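Shared between the two complexes below is subunit A, which pairs with subunit B and subunit C, respectively.
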Partner chain A sequence: MSLKKVKAFMSRHTVVPILLVIFVLASVLVAGFFDIRNLFNILNQNAIKGIMAIGMTFVIINGYFDMSLCTLISLTAALSCGLQSSIGLVPAILVSLAVGLIVGAINGFLVAKAGINAFVVTLALMLGCRSLSYLYSQEQSILATNDLFTDFGMGRLPFGMSYISVLFIVMLLIAHYVLRYTKHGRNTYAAGGNANAAFNAGINVTRTTFINFVICGFTGALGGVLYAAQSGASSPPLGWPDMHMLVIAGVVLGGSKLTGGVGNIWYTCGGVMILGIVANVMNLLNVQTYVSTMVTGMIMIGVLYLDKVLTERKKKESLTNA
Partner chain B sequence: MSLSKKGGAVQVMKDWAIVGAMVVVYLIFAVLSPNFRTAENAILLLRQVSIIAIMGCGMSFAIIGGNFDLSVGSLLSLCCCMCIDLHDKIGPVPAMAVTLLVGCASGLVCGFLVGHLRLNSMIVTLGMMNVLQALTLMYTGGSSVMLKDQNVWFGQIGKGSLGPIPYVTIIMVVCIVVYATLLNKTVFGHHVLAVGSNDEACRFSGINDRKVVRNTFVLSGLSAAIAAILLCSRGGAAQTTIGQGYEFDVITGVILGGASLNGGSGNIVKTFIGVMIIGILKNGFVIVGLPYYLQWLAQCVIILLAVYVAIQSERKKGTK
Partner chain C sequence: MTKKRLFALLCAATMTLTMTGCFGGGNASSGAASGAASGGASSAAASGDSIVIGMTVNNAGADPYQTAYYSAAEAHAKELGVELKLLDPVGDVTKQQNQIQDLISMNCDVIVLWPCNAEAGVALAKQVQAAGIPLMTANNDVAEEGRQYVTCYVGPSNILEGQQSAEQMVADIGTDAKVLYIEGQAGYTASEERHEGFEKGIEGTNIEVLDYQISDGNREKAQQVMENYLVKYAKGTVDAVFCMDDNLAIGAINAMKAAGRDDIKVYAAACGDYNTLTYIREGSLGGTAMQSPIIDAETAIDYAVRIAKGETISDYNNYMETPVATPANVDSLNITEW
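Up next is the complex of A and B:
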């Protein structure tokens, strides 16, 4: 009975078996992987990507995706570094986050209200943010001058977890709560699953979509600020050209569907960790960068295929049971 | 096509409003700068856009079929490096043939994964982007490659011209004509349009949608390889990151050309116009002396405007 339950759980959440296999293989085959300090390292290295993926999860469950992320982070990183010497640390961060909210709001307005294709809108905003980022920073790297800022970005708790990872976990819990237990979360699933049906059921689909894009803009901006805090500086090409794709890949590898309506914040966490573990293993094995890039690419395709096969098998089973 | 004829001249003009947009953008820069409105610059412009325009032809097929191909940028890098490197080893013609084959093979892999296994095209081509980048680095060992003798006839493909018209422009026009004919006049083209608008209906009516999708990716890979030959022939050298970011320029051009990203509609000539607008912006901002990064802001505004106007007219059509 319990075995059956475990099996059912595994086939419903395909990311769990995939992650487990990768984790066990890495632990057995790679020396130095199963080490508490290394495991915290993986978490710390991927916390920022994870935070951005949280916002992306909301948008993807809603049935859209946000490509403006990749240059939004360089814009907010530049703003948070450049403004902290003139207007103080807290206002600088607040301004950066506000920029993220505004970009998210523009995305949300154009997609939800004006009805333009999300790919087009967010691609356009991606170009816009890139332009503004270069304009503001004048193509220069900007150093962070405030010690508190960099201390937060580089600081760690006594047992090896960085402050950013703590923030990541807190945000995961909040996101889980919002998606699972609030009206907005349920509306998001409904709108992503079938926008027309959701609309007919009295759900304000426009507002739901709008809010989700704003959430994504906020987490993107936060990601940019955290990158700046972590490295102590901002650089104009930060995130270009494929950061958003890595974030989307993380979400999708977790098992959320780009068609919308299916997803879960823990899937996202798992998907980001799959990519993180692969990168970490490549590092530990000391392989050339290009091998690591290649394996990452192949694993993306492989996981996608596995997820497809596992989901289809589940579908067949449920058909025969019915 | 038949629908627009019914609507008469007004409808035709509305359909081709993107040409008006291009003329307006051109005129703005022509007024701002006397250096921009010279004939030499117009020809330079045609030379500059040819790479992206050729890639846009292939990308149009992928997008009309309802998929994205994000791997073309990395494929461009790989093909450039291979073509330059092989030119000195096995001669120009075999090198070009191998390059084209590599382009088709990469497209075939993407097409197999997307068409036959039905995986999401965005993630698959993103994965392929990584793989191709890695292959490029592996092939070159990370260093850039160069032709030993820069004065070979191979370099003339990219640099030379027939009278005032550069060879690359001629090749671009040929590509556009071939791809447009393929899309509008052949059975395969109609199948692509049909699969893009409703793949399930196609399956029921006996179209092999898997094969069609696969072939759109092969076309996309082939066009990237052709573009790569022109690009590396012009430069006489190639770096491993030469194609980075090209995919977004190409997709932006296709979007400006009015192809629906949900698949099912699009036009190769309009794609060319879209690419031209981006080319004019790139060229114009430099000539007028504005910082190059402002062109992205301009692109952002133009994309949103173009798509917004298209949607509004679409809605009006719907209410009539």
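Up next is the complex of A and C:
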């Protein structure tokens, strides 16, 4: 690959140079960062957020976003912990995932079919899930009783990668396949890029949007179940108040556009990892949490600004070349 | 087309590089990296002569008690010459999980955990133990199931505080009274345990609790809750309101002042803010168990250092003293300012 090609690639996919710069800076400047245990640690820490970001990527490429995620996870975490003692582990997980599918389907129906604004719909579902979660759990933490469940959540492969990280990578590959090589994936890009044009081209935009919200509901529910498995318990405020924002931030930071039509699953992976590395570095440097939250915000603005500048320059270049 | 494929490849490559690449070439490269870095930053863990304490303290900065705890712990660690890594999960169990993993990878000699949630703390305790690092819980203990992984607990007894304050309330308003309750954050252990203590304190009396409401642990929300209570319960129908802590009690006092009501006595299960003493002195707060964050933090650091040095701690529970302050005895208690 020639230097020019590398440059073109970098300016096309801005998340790559940004991730590389942050990674190299952290490795050089922060003691204890470039350590195999710590690198696996970062992957393990962000695997669940990454799984939820996968579903969010579908919705965002479709031109919408889903805020109900933030309380859906505490609901499914509570259900998966609370039901496993009465109906067994597998049914409990299936019920939790089904709840995610239902919430996703309601979101999808109201947004795609009824045409209500996604902000309002998903906000309403977010509030609904919060009260359901509190009602179900009676504001109490619920301990997971099944050892298999927590063993999976806390389990590590011999070289330090958690089972959840393996699941994350498998899901990334599946999502990549769906987005790139299936009809639904192509329809998603088309619907997000220009819904009218997609409709006129004969694409069932309503169905596409509906399916994407269901996918997002599913990954959200799965995220909740995995958080419960990882911490061996559910707690009512899990995910509250900003989990959906962090997930959306991960997706957008990677370079997917909130306006829809642009993005892919590796952008999301990169975006989530950038947030993860920043959080890890802040902890290693012993920075106060509120300061590190601010730094994260500043990095997001910086990255998105850089992305804007690079995209604009690329546009100009392509105009002058033509 | 090719570019996209290339990109996917490169992504896969970077991922494998971050995972396996440095795994294979591991020792040499990471050794060089940490060697270069230790020039700038002090890496005491590597040198081995200084004690490193890793600590995750819930909500420092959001709550006056935790803020005082935070600075007292830092000051005391400096005094003793130990290195302290102090992190704050701001009430988020997932964040605390990440911080525990970060502390494990920082090679601390001892980890001090102030869990956001006692049940979720069990898994954290298990992880720390699996990493071979001794764990101590501070201020708030993990749930029963997790205590087998914990060396000891240092801090106040929330149940005892709730009970002491409730008994003080019973002594003031009699055994046939009607009271209201303002809870802290849902699922937060201190809130649940003080509630338990409160129930113990009013056990055997005819006291009727008319209402329980949660406040998310902040003063503004507690004030709103109290405003609603005041609308719902007219003058003379309620004798006292019992709050999870002094912060919420002040919210309740503010609501009463704004509504011009003084018929309800206010009690707090425990108090972690020195300024609250002025409310006790002026009589608007009827009583609360005093819990000094300075004593709490210093005791915790002392115990952590002892554990790091390899000493065995004989008792599991090491409670600090929390005397009940009332308008009558507040000046004779001799509480150090923080």
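Throughout what follows, the second predicted complex is superposed on the first by the 321 of 322 C-alpha atoms of A that agree within 3 Å, B and C clash if a C-alpha of one lies under 4 Å from a C-alpha of the other, contacts with A are read in each partner's own complex, and residues count from 1 in each chain.
As a convention for this text, a contact is a pair of C-beta atoms (placed from the backbone, for glycine too) under 8 Å apart; a residue touches a chain by one contact, two chains touch by 3 or more.
Model, not experiment: these values are computed from the prediction.
Of the two partner chains placed by the overlay, only subunit C lies in contact with A:Phe23; subunit B stays clear of it.
After overlaying the two complexes on the shared chain, residue contacts for A:Glu139 are found with subunit B and with subunit C alike.
When both complexes are overlaid on chain A, the residue A:Thr289 reaches subunit B and subunit C alike.
By the touch criterion defined above, A:Gly32 lies against subunit C but remains apart from subunit B after alignment on the C-alpha atoms of chain A. After superposition on the shared chain, subunit A has more residues touched by C, the comparison being subunit B against subunit C. When the shared chain is aligned, no partner comes close enough to touch A:Leu3: not subunit B, not subunit C. Using the contact criterion defined above for the overlaid structures, shared-chain residue A:Arg12 touches subunit C, although it does not reach subunit B. Comparing the two complexes, residues 134, 139, 288-290 of subunit A contact subunit B in one case and subunit C in the other. Chain contact summary for the complex, subunit B toward subunit A: residues 70, 73, 113, 117-120, 122-124, 126-131, 133-135, 137-138, 142, 244-245, 248, 251-252, 255, 260-262, 291, 293-297, 299-301, 303-304, 307-308, 311.
If you check the complex, the residues on subunit A that touch subunit C are 1, 8-9, 12-13, 16, 19-20, 23, 27-41, 43-45, 48, 134, 137, 139-143, 150, 153-154, 159, 161, 169, 176, 180, 227, 230-239, 243, 264, 266, 269-270, 279-280, 283-284, 286, 288-290. Contact residues of subunit A toward subunit B in the complex are 110, 114-117, 119-121, 123-128, 130-132, 134-135, 139, 240-242, 245, 248-249, 252-253, 258, 288-291, 293-294, 296-301, 304-305, 308.
Across the complex, subunit A is touched by residues 3-4, 6-8, 10-11, 14-15, 18-19, 22-23, 26, 29-30, 33-34, 36-38, 40-41, 43, 45, 60-61, 85-95, 97-99, 101-107, 116-120, 122-124, 126-127, 143, 145, 185-187, 192, 214 of subunit C.
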